[in-house]
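Heads up, the next two complexes both have chain A, just with different partners, chain B and then chain C.
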Partner chain A sequence: MTSSEASRSSALLTGTGLRRERAVDDTLAPRRRTRRRIAPYVLLIPAVGILVIALGYPLIWQLITSMQKFGLAQQFGKPADFVWFANYIALATDPYMWTVIGRSLAFCFVAAGCTMVVGTLFGVLMSTVNRGVRIVLQISMLLVWAMPVVAAMTIWTWLFDWHRGMVNWLLTGMGLDFHDHSWLQNPISFFAVGALVVIWMSTPFVAFCVYAGLVQVPGEVLEAAEMDGAGARQRFWGIIVPMIRPILAIVLLLQVIWDLRVFTQIKLLQDAGSIASETNVLGTYIYQLGTGSSDFGTASAVSIFVLLLTIMLSAFYVRSLVREDDEP
Partner chain B sequence: MTASIRSPRRAKPRTSRLLLNLLAVVAALVWIFPVYWMVNSALLPNVLLQSGTPAFLPFGGSLDNFVAVVGGGTFLPALGMSVMIAGITVVCCLFFAFLAALAISRFRFRGRKSFVLAVLFVQMLPAEGLFIAQYKMMASVHLLNTVLGISVLYIAAVVPFTIWMLRGFIAGIPADLEEAAMVDGLSRTQAFLRITFPLLAPGLVASGVYAFLQAWNEFTVALVILQKNADQTLPLWLRGFIQQSTSKAIDWGQVMAASTLVAVPVIVFFLFVQGRMTSGLVSGAVKG
Partner chain C sequence: MNKKFVGLAALATASALVLAGCSGGTGTPNPTNSGDDGVDGAGKTITLWLAGGDTPDTLRDYLKTEFNKKTGATLKIEQQDWGDLVTKLTTALPDANNTPDVTEIGNTQSPTFTNVGAFLDISDMYQELGGSDLLQSFVDVGKVGDKLYTVPYYFGSRYVFYRKDIWQKAGITTVPTTLDEFNSDVATIAAKNPKISGFYLGGQDWRDGISWIFANGGEIAKVDSSGHWTATLDDPNTQKGLEQLQAIYKNASRAPNDAKDSNQYIYLNDSDTIAGTDGKADTKVTLSAATIMAPSWAHWSIGDLSEKDGKPVRTWNDDTFGVFALPGNDGKPAQVFAGGSNIGISATTKNPELAKELLKIIFSPEYQQMLGKNGLGPANTKYVSSLGDDEFAKALIASASNSKLTPAAPGWAAIEGANIMEEFFSKIAGSTDLMALAKEYNAKITPMLNQK
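Moving on, here comes the complex of A and B:
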């Protein structure tokens, strides 16, 4: 749903107790058995119903509209012409679309990469420092993790405010020329601010996951390695990283999926004052096409592209969750 | 591990350990600073915030900004809107997800696997990939700018993950308990209500808080569905404060007070379920 931190927190909160239940059908009377056979389907009706209405219908509408010429005229009742893949072809040959894709990918890799590095570092710190210090670090991480995304954006907009922002004051104080510097005007520094916010917000999730994994690395193994003369770096790359690799892989995958669809942060920074066409990522481009220029055909085509990309990337994650569901 | 083995190399680990501790404290301070800055600025009058040197401590601070924001006339309607939408989302979502989770964790049926798979994929779908279509749908049934319209979309967005969450909790309660109660003469429904349901309460609370946080924080869908200034949720209301902040004078004290008001319930709820989250995190991720 949203890219809010709370959703990130829970995304790995999955199998707590994964026990396969025994079927108890065999002792039941025939009538009960019939009831038992249809019961699960009845139980699924409300959930499936709401998903079909709120996601299924729009999805199908979008799929059809992405193959129609659906613009402002159609908004006012003109029937839409079916154009098959013309919208997709127009997009594929539009250099601006490629710019947006490139921007989104670059942003995603920088943000996800930095988040992984910083988050892993913080996770390792949590597991090595004294108890008191660890609690201080964990409280700090938790508060950041809990921040609602829009509130976080107002804070960072204030920190980077061109006139009285903390960041400009600090940099000017260090002797650099940042007096009344506007960070959001230049696309590069615009995205730097955006990435900084995303990294700041996502680090706690990575840190806690890494920490949770590290806690399970047996201390004896590390001690044994240390006695055998393995240095800190060797212990990290030779023992710790291989042991928490499954966690790192899933967390990285989730970061990539989440950062690829970044919307709220970029949209709010655009609102604060920058040229949208120079800072659009996939999400904001869809928004602009749909609500700004009422070009629903093209907007739908870009949306379908984003959905396909997400589903492809999610397949790995879903596979690991399903495997867990199957395990007794 | 005995001290004697380590003793020759003791001096070095101690200094490096000190450095690591120091690094951790610095990291904690740097990360928490923006949150501190929000509260600090919220307490200070705008005159002070607009003076050349930032005030690092809220000396001479007051709750004036909070009073101004709450009394501004737009906060309470937005709060009401957010509470109503979040409430509807939590209640409906828990009910729908509970029934579905029951089906997939207590029954083996044809199509179960496909349903689980579908739920997991749907849960990953980005709001940005569907919101234009959802906007068109809501417009065509005249549900734009309505609590019902946005609630339906929120329930659908939150239900998949809630199903997955509750499935874990229900599966964690052995069916044997129910069976034993049934041997003692309770019907299946009675056994479930009297035995399993009370054990499930913590799971329902955690899932409910998850649904609440989602609905409370949601921005993307609200942006397209709620377009009137009169019907805004808190995130949209907060957005109004920073729009065009590069070109107009902004009372940052009030913006930070507004942000604090939006963030506080979230932080409280989040810390409330945090223990469950981190413990679930371990068992979930390690298997992966």
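Moving on, here comes the complex of A and C:
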């Protein structure tokens, strides 16, 4: 994200761009105003249209399937029975479903929280070091971000292999007894490894966004604060954070949503070890129900539930956006 | 008023963008296009899906050339991963534009698909393909009622691989002849070698562990006359097998509790030819087991390490390694889990006649004998002798003669997909009440068996 793009997006987020447009608008003749009002909507149509078609079709299919009894036989042509909300009721009364939800929420908050902290620290680091070091940092982060997930997971599972993994070898070499230690067997240890991998993969995005935001903060304000006697910590929490708050908010939201729906990393770790039912999160549970047991009806119901959860979480953010917009 | 309207429109777009941005990567899985249907003008193309790397390249080339000679059409062979096979078949088989014309399918997965009509009825070809000479237990999982949908492709079996040097050092000079002897032998070896497993049995490795249940006369599930399946893990014979398994997990195996049935052979090998097994106590080598149980084709991956054409290759060494079929307590080999695949024609194929021609080639004497020569048990038992008479062939034929399959229930693939058996086995080692554990899993398995 270049700084000009970042400033454009932050302008959009805070609505200042729109406000400036409207101010100019009021001085023009009424006829110009009407023509101007239609143009934005016409421009929105292609984007919204593509989204509706690309997202709408699977969404409607899932909604319909979640209200049916849809198994392998239906996949091969047998008509499906409409059972309305029976799938949802069965899920709501299944204690295992609540275990999976609890596990997913806990994992998501821990991983997203840590990612934000580590990513922000890296962003701050990138804004203070000299150019050479910064470029090295940025390139290495970019490589992490660009690496295909499955390739990365193959290496991670090798690192944590119980018998020949490098992590065990290093720790045993340092004097601690980790010989033949299985990292994936215990669910807590399993999720610790999973969180490590997810944080490693997500930090570059946060770091780049925060860095872009930090570059926006006007140097004069910080200098003035320093002259007034504000310490580094006060400058950070009192000036910098409020200024990059929109970026922090949207990045946190994205992390929470992505970590709630994590699938690939957990699934590949499950294949390498662990008892599957003790380490299922929402993503892998949907996969197990759907492609594993061919119970597409229940899998769709869980998917719709995850969608509702996601909307609830983003509703907070969208509401705060509207409130900011209404502020004078 | 205007302010709010434009604001709301921007809001809607922003949230749509946010939600769209969230759908990174996950979406409805699209079935991968199985065939380009690249008609090169000189005839049609049909697609054959093979699972895993079990069918060697020489056989694949033979099929392609023979098929072209006989029909003038082209045969396209695509290899699918075992792990993805069920998913891909679920999306590809019902779709006439993307379906493979002929496909291999695991023998335990076959009942699930034949019961929903995914395959073409080939009852009329039964006699022509071999009739009663075909491996009957595999034919049974390919049938629904009286109609035949899939036929056996090849069978394998599981037998025991062991390190002769470690066994001899532990004082055991003869191969065990009964299951009880085997159980005590591996416990002795584990007691004498604290760093390795006497018998490496992964906690979730039910495909090997189930031999103890079968060998004692137990069953996973039984079917009654109305076609209803019930799980029988609490059966007294099954319980006896579970007790023996618990003893093995506690006394003979040091494998992790979550290890599954995969690549056990790496634990039998040394990581290099220099480090000996009687090395110093600190030498960390890959050797981690004195005995393993694995499918017959694992013998290609066991032996001394060397390089051929730049690639690492394992050469069997008769002084260090040996094989035997797991013995039962009644003088016959123990009943082990029969590995192998079936093969069938998709119900939505656009070229049923060409597909049938391909099946005829596969069941021709030449191809059946080629399967045997490459260590894959031919579906037609008349040609079993082509497996040869080396120690691997003898072990394979012995263990396969008494092998068993998992229940041919419509819901069995769902049970495998949900890893229920893996979970059940992982709990055996630590259980204080095997009967209660068995009843708990009976309750989980029975409804899934009958689900269609």
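Going forward, the second predicted complex is superposed on the first by the 240 of 328 C-alpha atoms of A that agree within 3 Å, B and C clash if a C-alpha of one lies under 4 Å from a C-alpha of the other, contacts with A are read in each partner's own complex, and residues count from 1 in each chain.
By our rule, a contact is a pair of C-beta atoms (placed from the backbone, for glycine too) under 8 Å apart; a residue touches a chain by one contact, two chains touch by 3 or more.
Being a predicted model, the structure only gives us computed values, none of them experimental.
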Quiz item: Is A:V322 touching the first partner chain B, the second partner chain C, both, or neither of them?
Solution: both
Self-check item: First (chain B), second (chain C), both or neither touched by A:T157
Solution: first
Quiz item: When the two structures are overlaid on chain A, which partner does A:S294 contact: first (chain B), second (chain C), both, or neither?
Solution: second
Self-check item: Of chain C and chain B, partner touching more chain A residues
Solution: B
Quiz item: After superposition on the shared chain, which partner residues are touched by A:A276: those of chain B (first), chain C (second), both, or neither?
Solution: second
Practice problem: Mind working out whether A:G213 is in touch with chain B, chain C, both or neither, as first, second, both or neither? | Solution: first
Quiz item: Is A:Y41 in contact with chain B, with chain C, with both, or with neither (first, second, both, neither)?
Solution: both
Quiz item: Touching A:F76, do we find chain B (first), chain C (second), both, or neither?
Solution: second
Exercise. Once the structures are superposed on A, label A:R261 by its partner contacts, choosing first (chain B), second (chain C), both or neither.
Key: both
Exercise. Would you tell me the residues on chain A in contact with chain B in one complex that are also in contact with chain C in the other?
Key: 12, 15, 18, 22, 37, 40-41, 44, 47-48, 51, 55, 58, 61, 162, 164, 182, 184-185, 250, 257, 261, 263-264, 271, 273-274, 283, 291, 310-311, 314, 317-318, 321-322, 325
Self-check item: Contact footprint of chain C on chain A as seen in their complex
Solution: 12, 15, 18, 22, 37, 40-41, 44, 47-48, 51, 55, 58, 61, 71-73, 75-78, 162-164, 179-180, 182, 184-185, 250, 253-254, 257-258, 261, 263-264, 271, 273-277, 283, 288, 291-295, 310-311, 314, 317-318, 321-322, 325-326
Quiz item: Taking the complex as given, what residues does chain C use to touch chain A?
Solution: 2-3, 6-16, 18-29, 83, 86-87, 90, 93-94, 112-113, 115-118, 204, 254, 256-259, 267, 284, 286, 288, 347, 413-414, 417-419, 422-423, 426, 448, 451-452
